[in-house]
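After this come two complexes, each holding subunit A, first together with subunit B and then together with subunit C.
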Partner chain A sequence: MALFRRKAASAQPSDTPAAVKELRRPHMRRVVAYYVRKTLTLFSWIFYPVGVIWLLLLPRDEFHHKASVDENALLPGQTTKYFSSMDMYAVNSYRLRVNQLASQTRSPAEYAAFIQSELNGFGMEASIQNFVLATNQGATIGANSYGISRAARGDGTEAIVISSPWMDDGGKVNADGVGYVLAFAKFVTKFSHWSKDFIFLVTHPSPMGTRAWLEAYHGEQPGPNDALQYDPLETHSGAIQEALNLEFGGEGDYAAIEILVDGLNGQLPNADLVTTVVNCAQYEGIPVALHQAVTPEKFDSNWTRYLHKADILAEYMKSQALGLPRSDHALYAKYHIESITLRAIKDIPGAQYRVSGEQIGRAIESALRSFNNLLERLHHAYWFYIMPTAASYIPISVYIPPVILLSVTLVFQSLVMWWMSGEPGQTAPARSQRIKDSPYVARSPQLSSFNTRTRPIFLPIVTMFLCHATGAFALYMSPTILYIAQHGDINPLNMAACVLIVTAVIYGFMIPTLQRLMEGSGASTATTAPAWMVVKCIACAELGAALIALSTLNPSLSIALAIPSVPAFLLAKPTGSHNSFAIQLIALFLASPIGILGAISLLTGLGTAQDLVRRSADGWSLYGAWLFPFVLLVYWPLNLVGHVIVGMEQ
Partner chain B sequence: MRADPFTAELKVPAARSAVAQSLSRPNSEDPVVRIPVWIGVVLRIILFFFTNASSFLQLRVEVSTPVTSWKRLREGLYLYQNGIAPYEGGVFHQAPLLLAIFNFLPPILIPILFIALDYAIARGLVEIAQYKRKLQIAEIWPAPTSDDSLIDAVPVEAPKPEIPSPENTPADSVAWLRKPASDDDVLQSTDDIPQSVHKRKNVNFASQEEDIVPPWLANDNCRLVQGDSAHAPINAPQLKPSDPTQPVDVILHPEDIGAMYLLNPYSIITCLSQSTLLFTLIAIVGGIQYAIKGNRNASMLFIAVAAYLSFYPAMMMAPAILLLSTQTSRPVMQALKSALPLFLAFLVALLGLSYLLVGTWDFLPSTYGVILSVPDLTPNIGLFWYFFIEMFEQFRPFFLCVFQIMVFIFVIPIALVFREHPLFVAYATTAIMAIFKSYPSVGDTALYLAFFTMHQELYKYMRNMFLVFNALFFASILGPLFHYLWVYAGSGNANFYFAITLVFGLAQIILLTDTGHALILREWERLHPDLRRKRVELVHQ
Partner chain C sequence: MPSLCRLSTRLILLFSAALFFHQLDSATCSSAHADNSHDPVLSPADFTNSNNVSLALWSPEPAVNDAAIEGFFSQSGHTNNWAVLVCTSRFWFNYRHIANTLSIYHTVKRLGIPDSNIILMLSDDVACNARNHFPATVYNNAGRFLDLYGRNIEVDYRGYEVTVENFIRLLTGRHDPAVPRSKRLLTDDRSNILVYMTGHGGDEFLKFQDAEEISSYDIADAFGQMHEKKRYHELFFMIDTCQAASMYKQIYSPNILAAASALTGQNSYSHHLDPEIGVAVIDRFTYYNLETLEKLKSGDESTLSQLFGSYNRYAIASTPGIRTDLYPRGTGAALVTDFFGGVQNVQLTDTGYRLSPSLSSSPASRRLQLSKSGKSSPHNDKQLEAPPPEHRGRSRKSTAPRVHKDGRPALGPFLGGIAVFVGLAWVGVGGLKGKKESVNSGNSNPTRATGSR
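Our next item is the complex of A and B:
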């Protein structure tokens, strides 16, 4: 095997400078590796506080970019507006008629027939789509009505949707919103400068109606066993480019307009759409709110400014993290349609004046004109941003580092566990000495070419499998559990808490006990590493990777899950001390889904937490929101793994 | 299975070879070890028949490439069955004989065929692993010529160490390996009285009744170290920590390799997507398997089929010929001279058969032409598509040559350097194909990962295992995610996905170089016992 000897056989080595340099290289590599390893072992937790502090700095103005329109064709607010008091009169009269109709009947078919006849009256192709939603509570019957206004200058390949739910979330009739939709249907037919079709859509009940309509519009058909059954659509237009959803639950007396941007699973529309709508509203002098707060021009102090923006950011992240549909616009993102909801606010603190209906109408008209100008899809601006105010944003380049820093702590922890399980306790490598007249160096005694301990693999695999199987089983059983909760009149929060606590107890005590009964209980021996290190290595790597991957889809959820779970996983290890055992269990409990729900109910009341459980389960079964399966398939099983680690043998 | 001539050839001591035969006897295996393999099969059956995973995965870019996609095969089949030339539409790029297979197959049997193919691949890998196991048992760690104890210091230039520390004293140099004394936690646990009593009882129990060792203890070295030597495996004398410079190797369990293949998520999704890549994989595995048996004709036939199906496996000639020359005790050049005409004859016969089937030579540009000139730039996990989308047209032929030569150019140096380890050459060649071929999919990765798991003795010497497998894990999550962001959500773009395919490729390349380095290092240490025991290493590792 002279092959592997390289220079050894041929040249007589001498201590030339090159040889000395070569000698230094493996040594330096070992020294650097040793110190990197030592530093990471001791200080990798530092990324977590750095990430948290960075997050706390995000509300400061230095991190905000003023929103500006990147797409030149949009030219927001640069057109002449034609929306006049005559059109406002139409809005008001429609509002009265809608209210009147809503007080007379509760049948969605009659509502839809009214909208259809009005849209037909403007010369549009209008029709009705019926749908039925079967749930545990019984069947819900609904109807969408919509009309298509063909653009005078277009070829019918692109369309803009103006939609409105018949009722808002609180069950109040959205009379003004429907009034604006009908008034705009009348308004757009008067002009010939439109180059995209308009689709006027009124859904009831929503947002399920929007889902039925969108699926039918994009050619899907319900399967025979699906909960939602709907008719196909009679008339079509082109590819929908943008969608505006109007929710005006008042009588025309508003203080501000709120924008709702985050859609299903926290997916955002293109920043240009948001900026255009906000700019158009601000040109008309309408205060634009985000999460029910209008940012004033001036603040008393920097501290109040910080608090105000921190408050909005927290609300924003909360809403995005849940990823549940807040209004109709949320469902459009799935079909690559940029959409936004405008919701009127009646009263805000510090409002100087009321917004007139004509201002709102002109703002909407102005936004529609901008979208009408577009020659291609919105693609210039970001899709990844966080909004501290309606008129500014934090781009991905600024907010992603703290998100990654939080999760990368887990990846480093996994690396540390890998090292610790392989080669425990190294000392700083001593310098190797070259052997005279040979190409060899004498290796210092504590170095070896191979890892010194075997990593057990059977127990870790079984543990990971059992925990993930529990999560999958829980997801499979969740409809049944919810059904029992509803029909046994049990609070879903109690039900969830019961299931989660019982399982955590099983996993925290039974699996470690079983492991102790088995041969090869996972304890370390002279030649094998303890199994808990490998379990923790795998669990940290998986959670870290999951949270980093999640940060590209829904950074807020990634933050919300990383903040409690990273310390819990950093702490988790078998211990003999009662105090640290208690601390670890408390940390793991706080990071578990039930701990998070408990924290929510302590902070905002039990009702919020109950509502959250119900909505997230419904969001998964009705709209395909990922929060529920993600928690059950990835997050909660790993939390169980944490419980198992605490109970394992050293 | 032939009697193994190589053990005699390697002059294994008599006592050792007797134990070796008892250990290598496949029938002595507990049927329990086959459970994971059957779990893999049952998992496929459940996923095929009770979920819609198959129809979902058929459309995924990670598993369905233009040259292996089931959807395209159906298109070609439809055209063929309706009397239209199957390559006419420019959609179908697969070998014509595949049409002949599926032409007469009832649809209900198609999933079963793919599951059977995967199972057959796994059985082939198990047979290869049995050979590897025998090699492992027969492996000799030459004894040092002089009985130097480790205490003897080597003559060094400057005897005074720069960092004087108690650990550097020679007496300690053995002790620290016996017991990881420097780590407080570990020390505490091993010396903890109730636990250690409990454990010692278990160890004795295990060593007395060797046959009922549970599988999760199979890799536990504590049993091997502390048990009596009569029941320890073949290289038991070296298992004693008297020579801490020699690694303690666990003998391979062949069924585990089959399980590693069948339970690998990459191979599961490849099977579910009904990718015709499986035909190539089974031909590759069959080629290696028959080369191990010394059956030149069958081996060459299988490799010719693999090369016929997807062109690149022609490279598998290298490990096959190395194996044939080892197994038939002939020089490599002689083996090559006898095998190459056979390979070419089989290949020509297969092409001729294809011509008879479709009646024209049009299939040549539509199959091998597409593989070589890469006209279909549908995104996949490889390195070609993005590069050739971005490239100016006039540079395309040049870079096509560069890329395609790069696939093939590594095989000869690898075969030369590792000629004494043909299975490692097989691993390296399949890995290079999986990384650099024009339309790779995760099925290629699944195959070479199975070969990788056969080389368990190298794990100890590898430096970047954590990095590699974390990167593969990240790429496997982020790849589909970024593809979704790019193609469906519209919020990402092609660079997102391409970056992840680069990570995937980089992780695989690091894995390949790391294993190569580990093999070289291990071989050096094995064959230089004196230098090893004097704790000497090459300056330039």
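Our next item is the complex of A and C:
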């Protein structure tokens, strides 16, 4: 207690001495801080349910914007379409020839030679790019063939790519897609109204072939130790502005066309490109699907409408969260090329309508005319959107608040931990009182600066470092582990159990031991805060910052990681109660990668989870998808930190 | 030849001025015009057809004289027509703006404004755009009846030359000395100017090239400066853009008439698209103006109020704005061809004029004098350029007396009779000149040129 001496020479003694007045401001400051802290401690979790409820409202129509083209130059569907039955004849005959060739040989070089000779036949500069991909399974040899149709009156500075993988997603020969590419190669030479060059590209195998081609087109060369080795390109055109990838694995008779928009790491093409393609298809009467679902005009009830859109949104977010290439269009976004894949759907249950090949041809032509009209890069519409149907979208301004709300809880939790660790006051500071019949003032104990605790920093840093080092080591080891898993024919459940045990040893034994060796248990004393609070403060800050940063790049992944991890982190703290200890461990386990994979395998089967791990690891090593390193370098280490917190001392 | 012309001109001036002062009460511009248009017998066209106002003046019937004089005074009072046609939009999808401008270009050219008097500003070259399905053409209709780019197009400012700065320099005549005469607006205070603009605009601005914009204040000040510099007689400002009426809001200079495609707050829409070309080919306001304008022939008597009356705001899909408060002559008196048509300067005679020695002064010698006196402004250049013998009046209402082909025997005594007046007239002109300038149309320039000696 400190006493302030009142100056004897000062004026008349009054009811409120100057010392009391002096102490009012620090008192008020402490009181405000106390209540802010208290409010945040008690109510910061409220953001999480608000965010979740908001997300659940997103499938409602009120949040959807009807897709409209913002770029004036595109003018979708305004032109006469010249694609005729003669052009369709070309598609059909090429489909037959491609199927014939695919049944005769398995050599990519022969496929490429066929495409090249056909493109050459239309008077194009056509050539072949060979590439080799070295993987754990051995070397894969591939060949891309492409031809460039120079715009008769254009300046050759810009180009549009029309591409098609030789094999479609299901491993079938994409004969119709290649047929359309070749038919369009023939078709565009008939007109002089093109302002951009066309590049007709057939890749095999894909999407690796697309990566090799794109890298070569943009002047990159493979390093001597790179897994992917490819030839440089012989002929070039201008800067590629748009790319249209065609996957029609059928016989020219389809129920609908599906659009695939999300690319590598969930990067999206400009919404104008998507809207243009969808509009052009719809003007031709083609039903356009998104994630295999065509949205009907009318629904039985609002609830079925909600369910339908929620289903598509969930599929969309799943696909975007993974950020793995689903088709060739995915790899173009890296080069700032707006791209989209059109994939034909053969049958939709309950749908009678059939789409003719000519309709598809006219829709593609119409879209090409629109791209041809463009004078600049697409820049008017959104790059950040979530699509509930093919013809509507939720712009970033609508979907970002719930995504941020989910993660901002962690940031507030971090602030709470920082304050709590410094000033453990459990009650609001009392007012300073004048001591009766004396010129002195009794200062309330909560105002004393001696009450603040020092925060241990070294131990939290050690803990964070150890966990992140574990994650980095796991990333470093992942190819080996995957190789062992694949070639050792190890049961995935055994593998998962192995990972779990190793993890448990790390957070249950190794890290606490190292902590104690280096610093101590981190228990609180009269003058120091417990270490777990600072650990949690740093961990929450890091995870919150990472998820908020991610929310702009890949909102779906941010949501997918925030939903399990935020409650787990809110709960995590050392406890004496066995029940709450168990609940915390379960929550943290469910938020961990293994727990998420376990949930996926429970919901959709073990194969899906296994496939997911393999694809995300391949996505990282082959295409540079961030999911795998993000999880191993940020998400999983922080989950480990959460486990460590639970085991620390109070 | 020039002397005779001048001589008869002066006579007319003398007489007409004298008569004018007697009839000041009745012979206002608008009423005279209204009279003419309603008088089936003595319309100005009659005098045009007879091709001899002077004979009409000497007619023993006073009614004929009066009508002739009214017809003489009631016209616009301009001697030359200019058109500034501006398309401010770039890019292929703005095809219709270029088609709009070229349509007006085609119309004013057809109605008699020569290329030398048309300043055509096109921001983009859609004709040669690679996207054009019909290379080297511009059409304003899906029927593609008329290739606006077909023959004889003279684009004065093209591409990136179409800037706000160049436009204002053009209007105000503040050019770099290196700018060729074909790119200048060589108007004077007897010039009627049509300023047509089209592009993308908003409330009190019009975008130029997507890079900059001109505000309604800029336009108003440019017109104000044109008025101060006596660069126009009357000006018709026509604009087809969104919120077009906001563009004429700030204009304050007299004798300016403005028509806009849409009121402030309204959008202006395109009319239709040509699916083969793939873009909209014309805007509604221009389209419906052309509906009227395309039917006009050179020398047509339709008034601007008739043109404005033809606007149907449901067809145009926006309400056209008309501003007439700065235009005292009234749209009922102003002819469409006062702005969209050209003053014809060509007169054919089958015999030459005889020069009297005392009045002969070759144009060359006068040019020398003027250049010595250092007056080389565009205004003076214009005067020099115009050959003095040509009548600068309108052909359909010939203001100058013309020597009639079979009137020559009758003209002999007439000329002989008035020869004695010549000297007197010569002295008299000096005193009346000031007043005549404001009312006389075609003949003031040669007169002044001589008088300034």
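For the reader, a short list of remarks on this structure follows.
The rule is short, and it goes like this: the second predicted complex is superposed on the first by the 575 of 650 C-alpha atoms of A that agree within 3 Å, B and C clash if a C-alpha of one lies under 4 Å from a C-alpha of the other, contacts with A are read in each partner's own complex, and residues count from 1 in each chain.
The definition used in the following text is that contacts are C-beta pairs under 8 Å (C-beta built on N, C-alpha and C of every residue); 3 or more make two chains touch, one makes a residue touch a chain.
This structure is a prediction, so every number in the text was calculated from the model and none was measured.
Residue contacts after overlaying the shared chain place A:T552 against subunit B, while subunit C stays out of touching range. By the touch criterion defined above, A:G250 lies against neither subunit B nor subunit C after alignment on the C-alpha atoms of chain A.
Once the two structures are superposed, subunit B and subunit C can be ranked by residues of subunit A touched, with B on top.
By the touch criterion stated above, A:F450 is placed in contact with subunit B alone, subunit C being left untouched.
In the overlay built on the shared chain, the residue A:R153 is in contact with subunit C alone; subunit B does not reach it. Once the two complexes are laid over each other on the shared chain, residue contacts for A:L75 go to subunit C alone; subunit B is not touched. Judged by the touch definition given at the top, the superposed model places A:Y440 against subunit B, while subunit C stays out of reach.
Across the complex, subunit B is touched by residues 1, 3-8, 19, 22-23, 26, 267-268, 333, 336, 377, 383-384, 411, 414-415, 418, 420, 424-428, 430-436, 439-446, 448-454, 456-459, 462, 518-521, 523-528, 530, 541-542, 545-546, 548-549, 552-553, 649-650 of subunit A.
Across the complex, subunit C meets subunit A through its residues 91-93, 128-133, 135, 273, 275-276, 278-279.
On the side of subunit A, the complex with subunit C involves touching residues 72-73, 75, 78-80, 151-155, 191-195, 369, 372-373, 375. Of all residues in subunit B, those touching subunit A in their complex are 150, 153-159, 161-163, 165, 167-168, 170, 172-173, 176-183, 185-186, 188-190, 192, 195, 198-199, 202, 205-206, 214-217, 219-222, 225, 244-245, 247-248, 250, 417, 459-461, 466, 470, 473-474, 477-478, 481-482, 485, 488-492, 520-525, 527, 531, 534-541.
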